[in-house]
Structures are given as C-alpha cells and as structure tokens.
C-alpha cells in the first residue's frame, strides 16, 4: 500500500533516508542456490559511485554493500548462495552532513518533493530530501545486483547507456564505447561534447537533462497480459526513478506519425524483420530485443537563485548550495539497469509458476 | 501474479475474451454508500461505442452494462448505493462472429500478440485476439465509471482528448470543442483535417497512430513515494492499454533539452508559476493540474498484405479482413480516462488509510 | 485490502449476495492447458446441494455453474482447457424470496453479522445476510472445483468428513463409509445416531454444531516459511468460513498436555513413525498426510425466541423463520475441501516459482 | 509470494537467521506522526528476554533494538515520530555459537523443519534452525511494539497470558497476577504448580506444551468479510508462530457440542449478554472483547535420545544438546501479543480506507 515494495514474485522492499543511519533493501523471493559473490554485487554498486568531477558531485560515498541475511556458504564452496529466505542488504551512511540542510528547514525547494511530502504526511524530514533523496536508489542498485545473478542463469542481459545529455545527442551507437567514457555514452565524439556542455552549465550554476536507452536480451514469453503487461511494469519501474519524466518502447512516440503498415514488424522464419514493437507484443516479450528510452529531467538543485515560499507561504528567494550533481546522468544509468532487471526477474519467476506439467 | 487485477485499495479484476460469453470486472474496495446511478455508468460505456464511419469500425456493440452485485437501494431512495462488498460488472457479448477468424488459426498476425501469447501459454484462443483483444478495455471503462462516482465526491476530474492523429497535430487547445467532434479533439480545425486524413488512410487499407493528452484536477498529497510514485502508477495503468507505446508527464521528453532553471517550477504564494512537473513532485501530487500524454500506435490489423509465418514457421502472406477501426483513437479516449481514474481513486483510498488521528 | 480475494498465485476473487443476481468467482492464475470438464466441475457443486430433509433446509438451489471466460476447446479436443487467462464462474440465483426477510430489516439477529456489518459499512443489505450469507460459499466450491483439476495433475488429494455432530462423535474411521450417508461420516453407526440427534433438535427449533476433519495427500516442500506457513494459510482459509470457530493440526490442542518426547514424530528411513505434526513442519509440508480439524458452530438462525435489539436499540424478541438448515454440516464439507484445495494449489504454484534451474 | 511479509496496510517484512548477522523487520505503512519512544519499544523486546532458569534457556540475548530509518524528531520535541516512510528495525546478533550446531549438519532433528526445508529449497542453513529458528520471532515483537504505539491511539489493548502449561491449568483468572510470575499466569497457585512441573520435566530432559489466551479490547467494525475475516487473519498470524498447533475463538471447539440457542449471544440495549462469539461476528469485530486461545506444542529440542535419519537416509540416534527452553511459554507470550497487534493495526488501517466522506 505505502509503495516501498517492488515486484510480486521477486519482492524488493527498500528503506532509508539520505541522512539517517543508512539505506537498505530486503529481497523476498530470490530463488535458492544462486551464487552471490559479494565482489560482483559490490561492482554494481561501484557503477553508481560519484565521479571526481564534471557531472557528478564531489561528495564521497563509498557505498559499501553489506549482506545481512539470506545466504549460506555450503561446506566446500567458496561463495555464499541464496537460501530462499529474505536477503537483507544494507549500506550504512558514513558521510552525512545534515547541518548543511538546516537553512532549508523552513522553505520549499522548487523541483523537489518538499511541498508534496508535507501535503501528504504533515511531517517532513528536511535533510537532503529525506526519503525522496536520490540516495534511495542505492538500495535499488543493490537489489538489482542480486537480480542480475538470477538473470544471468536465464541468459537475460540488460544494458543502459546515454543517448542524449544537455542537448547533445549521439550520432552513432557503438556499444563497445560505453565503458570508455564516464557518461556510458556509445558515441565517443558525443561524449566529448557532453563533457564540454556539462562544464559550461556547471559554470552557470545550472543543471541538464538527457535521455537514457536501455536494451535487454530476453526470451519470448515473459510478461502478463492486461494490467501487468511487460511494458506497463517496466514503465512503472522506470517512472519510479525520481528524475524520469517519460518512457517509451521501440518506436515510442514516433508511432503517432506512423502508418500501421510501417509500424507493424513483419515476421520471417528467422525472426522479426524490424523492431518497432521494442521486443514486446500484447504485453509479452516476443524474443526480439527489448528497447526502452527514458527522459531524465535536469537535477532541480541548482546554484542559481529561485523564487519559492516558506512554511508561512511568504515569498522567499532561495539558492540551493551543497554538493550536487550537474545531471542525474550518468549515476542514473545503473539505476535504470536495476529497475529493468528487477522487473524482468520478477516476470521470469512469475512466469515459472505457470510452467505447470500438463498431459 | 497473473496480472488481471489493477489497484491495491480499489482493486479491479477483469475477465473475458473478445469472442466468449462476455467480459466483466469485479471491483473490490469501493467505499460503501456511493450512489451508482446505472444510467451514469452506462453513459461512460457509450463514450467507447464504435462510431458509424471514419476511424471506428462499423461493428455494432451495444455494450450494455449489467451490475450483478455490490449495490443495494436503501428504502426510500431512488438509486442503488455501493455496500462495500464486491461490485461485479458484466457486458455480455451479442455480436461475436468467431467464424470470420478461422483463417487466422494457423498464422501469426504482425503487430498482434498471437506469437507472444503462444510462446507464453502454449495454447491460444485465436478468435479476434482472445484476451488480448481491445474488447477487454470495455471492462476497464465499466470499472472506471464506478471510480468516477467516487472521485466526484473528492472533486477529482479527469479529461482526455486527442492532440495528434495520423500526423495532424492540434494548434489550439479549446477544451469546449472536445464534445463537438468525434475525435474528442480540442481544435475544430485540426479535427476536420484528422477526418480527412482518416478517410485517405482508410482508402489505402492502412491505419494511423496519434497522441492523447489526459489532464486531471487533483488535490495535493496523492501518491506513494519510491516505487508507487503517482506517475509510476499512472504510467503503469496507461502503458497497460495495448496500443500505448510511450507516456510522458508535464514537460515530458522535452526535459532532455532543458536546463534545471528552465524546468523547475517556481513557487509563489498563490501556487506554482509553471507546470513542467505535470502536477507531480517526488511521486506525490502537488495540487497543480496533472498532465499526461500517451503515444498511440496505429492499429495493427490492416487490409494491406503483410509477410508473416504460420504455426510451422513457413512464410505466408496475410491480409487481415474483418471489421476494424482505422485508429485506436477515439475509442481509446474513455479507456485512458478510465485508467487515470482507476489510478487516482486507488491512491485516494490508499492515502486515506494514513489519515490517522494523531495527538 | 477489502478481503474478497484468496490466494497469491492462484487468486480467487468472489462476488455476490444471497438475494442478488447471483454469485461468482474470478480465478486469476490458473495454469494454461488444464482440462476443465464442465460436468466434473458441476459434480463438486452438487456435493453442496441442500438435501431433502434432516440437517439441510428444504430450499431448492440447483446451483448451475456457468463458465464465462478463460477456457478454449482446442480443435479436435472434446473438453475446454484453461488458457491462462481469468476464469470467470457464475451461479445465477433462481430462487430468492427477499420478501421473507422484510421483517428483519429493523432488527439484529443474534449470532449473525447484522450488527457488525452495520458498524463497519453504515449500510446493510438485510436480505438473508447479504454478502455474509453462507450462499457466498458456493463461489468457493466452484473455484475449488477448478483447483481440484490442477491438483489432480500433481497427485494431491483432499478429503473432508464429519467426526462429530450435535454431540455425537465417531468411534471408527472407515473412509469408505463417507459416501454412504448424508453426513459424509466415516462411521455408519455414528451417522445413524447423528440422524436421530438432528431430528430431535429440529423438533426443538434448535440447531447443532460439530467437527469436520480434512486430510490431504501432499508432497513434501509446499508452504512458505515465517508468515505464510502452510498451516497458517490453511487456518486462514478455513477460519474464513463463517461457521468455523477453531482449527487445529495433527495432535492439535492435545499438544498442550504432551511432552516433547511424545509429540515429536521420529523419523525412519521409510518415513515418519507418527504424525502429531499433521504433515507440516516449520510451515512446510513434510510428505506425511496433512490432518486438520475444524470446529463448526450451530447455525445461528433458530426458530426459538431470542432477545435482541432493533435499529433504535430497543429490546425486541425475535424468531427467525424461513428455510434454514439444522447444521452447517454436511453442506460445509465441500466448502472445507474447497478452501484446503485453494490453499494447496496456491502453494503449489508459489513453490514452482522457486524451482529455478541452477548450476 | 515467499511469505516473509505480514499485513496489507501495515506491512511487516522480516529477515534474518538464528546464527547470522542479526534479524530485523521493515514496516511499510505506519501512519506518520506516531511518537516512537525507543525505551517503550525496547520494553516490549525485554518481555521476550530469556529468563534465568526454569522454562527459559540460559542463553543470554540482550536483543537491543535499533531503529535504522523512518523516524524524525521534529524541532522542539523529545522523541522521534514516524514520518510515513519505512521503519527499519534491526537486532544484531552478539551471541551466536554456530560451532555447537556442527554435529547437526548431517541429520534431521525430529519435530524441526530440517527435513521440510531441505525438501523445499534443496539447500539448508543447519545452524540452529536458520530461518526456522524461534529467534525470528524477535523481529515480530519489534514490529509489534511499533504497532502498539499506533493501537494506543485508537484505544485498542491486547493482552496474552498462560492458561495451561505442562498439564497444569488455571482455576481462576486474575489478570492482575500476570505480572507477578514468570509464566504470565493469571492464577498464582497454578503458576507455582507450573514452576514445579517445569523443574520436573527439565530433570527428565523433556519439554512441555501449554495454552495461551489472548484478549483484545477492540471497537466494532474491524475486519473484512469473506476471506479476510478478522478471525481468519488472526488465525493466520497466530498459526504462523512455529509452536502453535491450534487456534480457537470465543467458545472455540466447545461449539461442536452446543445448541444454537446456547451458542448465540443475545443482544441487549447495553451490549451482548454473553461472548461465545469471542468478539467477532461474520468476520467483523462486534465491540465485545476478542478472545482467542492457541495450543502451544512442546519445544522439539529435547535432551532425550530420539530416532531419526541422516542425509543418506540411514537410521541415527540423536540427542539435541545446546541451550534450549523447556517450553515456548512464556517467551511466546509477547509474540502472540505482537501477532494480534499486527493483525489489528492492519485492519484498523484497512478499515480507515473506507471511511470515505459521503453525501
């Protein structure tokens, strides 16, 4: 009901605020016997680590993942395996300066949830956004890292990368370049221009948005029809990331201008002739590559002066200081991957419950 | 698990196939005491009724809504009221010609779920799409009509209209024009050009896509943070409509090119100075108008010849006959309204469960 | 939330009141491909049919089960199979005399939910108990009949029988006798004494309680630990039957007087040496027979005069007329079987989602 | 699906094994603004603390409760309040001797879940029962302590006490005596005889069962009809405690021998004339005291020799050493209170969601 759990078969419940003891996730429904090498899980966390310059804030967050339950190293094996019981994951905070938020106690920051949280709860933890902070997504990445180990066994791969940032779009898609620049950008030249754009905007005390594309190799048959269509659940997962303002599949918004004869993917004995559907038909994966794009808004915490009101509804001018990123990209990249993985692993396990032995 | 239920507090479970006995919905969680005038409910159904020409198919579907349970007319009152028990709604089929689908038994139609359903279930009801048929959405509209009566009591209004069809976009937004043309289009001139475009495409045996915008007046405080953010659940609901391929909120995909200082909605003592957020901040409604757009793909059933394969994976050329619409618009309009209403009423009731008396 | 759905993987949502259009159930999550012979399903309904005399009321309810969706007869086969989509089941009312309840509109019947329903909802359908009527259980039996077809494929059998009625207990347990008397009693002699007792109590205008035992052959490994232990979910299902006031497993309440050395079931290479655990250890089936007993209260509708109050909280004397049974037994027998089947099939499917291919 | 979450509106998800890092619970859905004095929460934990002799094991478990998230101390207040976000509770282990369980790695202990867990998961954490250990209940008590603070605001009180232990039953019920003996027994004389009985059985290396009664003051109107009847959910919660083998409400199993005229609680202008219903009618609380009894089995870990098998299915004789209690009573008392509180607070919040403003 209260919305802090994702998934039905592979259920992830997260907890924690930006400036509390830490954040964490409890996974209920991980199949037993999955090898969970702590270093592989930590590697996923490290993809979300803030960089040293440019688009990321200088705040240091080691984000050390701890596994508190749900695993057991069988005698004679090197790594823990899941036991089928809840996997509790925690990342304790080490670097929280709540003092620096004291000046925000009385005002609502534009673009943030300060005003809507207070409307909902009547009480608000003003320190760094509290539960609404992007820090919460670290717990998603942790859970997604576990999901990745399960998906690996089913041959399901997920990859996210940047296709636009600050008005700079890619012109070529060379997935091998993704690891070669800090924006996870598949176009080396565009990555350089993004770097430049980010520097420029940083000087202006402003922030930028962008577009992330996520692709997944996925067997046919995943997804539940009607309300829990695969794209509906993927959209749910991705739109639940704070900075995401739109999501589209395959041809996406372009379908508005297409004819049926253009948009339909013809079928041949060796597969689909095109992929406007983005790998999903009638809510169920069709074996084609799943293709998703999400629109990422500029980070609302800017150094420029903005008009707002305080708790007494009086006009104030605020300037949000502190350690902030210029863009949610690239740190949102592993978060997008995590949400797609959590959705796919959930549907993989939901699907298995119908794989019933029949005459 | 199997995905035929929507909502957590106002739960709607639908059933039925395009060519079976009928379709229906069971609502569990409707508050007691809501007046349910059968004529008001039927009026919502009628908005989805196929038109006589143009974009809609000539198939006649009276779609007579029957209320099978969950209401009771108190002594001395004129209309039934909800009792708090499940409301069972049914629309029995009267006009199903399953014979006309026999030729589709052995082939997979491009753009349809034939191939993915078979991959998932190993068994397929080939008649008119079975469960994957758009006919299923009549049950959503029926449930949405009940949701509307609840929302009315909270002053929450939802309105959907067409902003683009077959490449024709609106240039002005005059909401009073919506009822004056069969596309629910707020631009009279654009509506005429849409009409023309639809006629042209019909002659070609093809179909067109478009864009629908949905707005909602909604008080601040609805939505649950983190995974069940209001936009995440709205996206879930809208993306679960078969023809929808993308969804965006407020500024939507335009945020990719915006600066933080442009995108942030400044706050004044009388409200927000702009509405790039589309009425939702950090997953919770902020009192501003909720603004959503969805991309609607062209209907995949076209009269043109298409390449496909049969059950033996042999190449076949198919031509889908039968009674089909040229566009999911305008019939998708009341379905979009229904999904937004079902999402909002669910969050209204979920929110009330925290309205706890405190010291 | 509102409690009209049972199960997580095999979800059954029921609807309907005693004196409305009918009652029904929607099953979401039935595996595809299950043969659903309508006559086999109807046979389960017929077990709940009121008898001609004695313990059952003379009211005639043909309870004709109709399957509205979710099945498809593949070409060349004789019976419909489940398609994996929702199975909608309906039993339309034919014999509802709501007039005879008019005298109850203003009073609360002792032992019935009249007073608690009004406290909860502020509105009450007074006709025959409305949603609280035992008639609601017909929908459970219908859904349980579908569950039976699934369980048959996994070799899971469920059987319920009467071990006490009106103070008459069984002295021997001969399961072959169950079909030979109308109480589903495994002791022919006890069945005769029960018959006598029921006649006697009927003459007094009173009603009697009893005890039902349910056994199930079930493979080891079903059930989820901690909150969804198999016995917890079985207790939930059985206690949700209106007349049930207690439930116990294996040695049940006798464990209070036992030593650990007496209660523990020792394990041998060919199985357990005893079955005090009733087939469940730590919430998971252990391969031994599952053994459950439930206490069934006397039907509250008696012909004797009782003290109560009316809507104005004034003392009244009421005498409940109409067509009523002397005991919930034997009609509760197929309902108990249905709830155990619905619980087991749900756990069977939930378990399958962890049966993941591992290295 | 995997069963480690309890509740629908006030959702408690627990994690942890007996010999891992610790155990914990995440509460999602606690209303905002509830004062959560850490000392009051710890006081509930302390009720579950092992005693120094007799029925409890000598193992020392300080069970220090830590609150990791979900609270915030508003400026100028002394205690933290819930914020409406997830409350993460942890109890880190300090005293885990997993070495002492090495001899159990290859054998199945009678009366324990060793054999059923292995059947289900194919992998087993053999140390002290792993997830199946009674230690898991500490997380329930922690969550129940939070529930208590919410229920206090609605005037709902819950109290559990021992009515039978090792064959010794109470003869009088003086609730003021409950705090005066270590068995939470309302009969001082019986408590002494229980003490004696426990000493005797300890000398024999055996263990004993008993019966716990739980009462709750609860307003009318809580509970959902049909499947989520209040007694069904209470039975679910209580039967999910490992040692509980039966549960009954009000007159309980005695109803089997009662007439309708005896069992019905007549209604007077000042309330019910009796309470055979145990405070619940048709699944909804009627304002009378809720009365529940549960049968508690003897702890299966006994010092006596028992027959069992090892992983190779060979006969072995085992003798379970280590630090064990003689009875689950009294430590189960706060666990029973916790499960009743968690059920009632869930229904309180579920009920409020229908308290909708109507004309």
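Here the chain labels run A, B, C and D in written order, and each chain numbers its own residues starting at 1.
In this section, a residue touches a chain if its C-beta (ideal position, glycine included) is under 8 Å from a C-beta of that chain, and two chains touch if they have at least 3 such contacts.
From a predicted model like this one, the values you see are computed outputs, not experimental measurements.
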By CA centroid distance, what chain is farthest from chain D? B
I want to compare two interfaces, A-B and A-C. Which one has more contacting C-beta pairs? A-B
Mind checking the centre-to-centre distance between chain A and chain D? Centres are C-alpha means, answer in whole Å. 38
When the C-alpha atoms of chain A and chain C are each averaged to a single point, how far apart are the two points in Å? 45
So how far apart, in whole Å, are chain A and chain B when each is placed at the average of its C-alpha atoms? 27
Could you tell me which residues belong to chain C and also touch two or more other chains? 1-5, 8-9, 14, 29, 32-33, 84-85, 120-121, 131, 225, 349-350, 353-354
Hey, which residues of chain D end up touching chain B in the complex? 1, 9, 29, 31-35, 84-85, 150, 153-154, 225, 349-350, 352-359
The chain C residues in contact with chain D across the complex are 1-6, 8-9, 14, 108, 110-113, 115-117, 119-121, 129, 131-132, 136, 164, 167, 201, 204, 206-211, 220-229, 231-237, 239-240, 242, 245-269, 273, 277-278, 280-287, 295-302, 304, 306-309, 313-315, 350-351, 353-354
Footprint of chain D on chain A - complex, ascending: 1-5, 8-9, 11, 13-17, 20-24, 26, 28-29, 32-33, 66, 68-70, 72, 74-75, 81, 83-88, 90, 105, 120-125, 130-131, 349
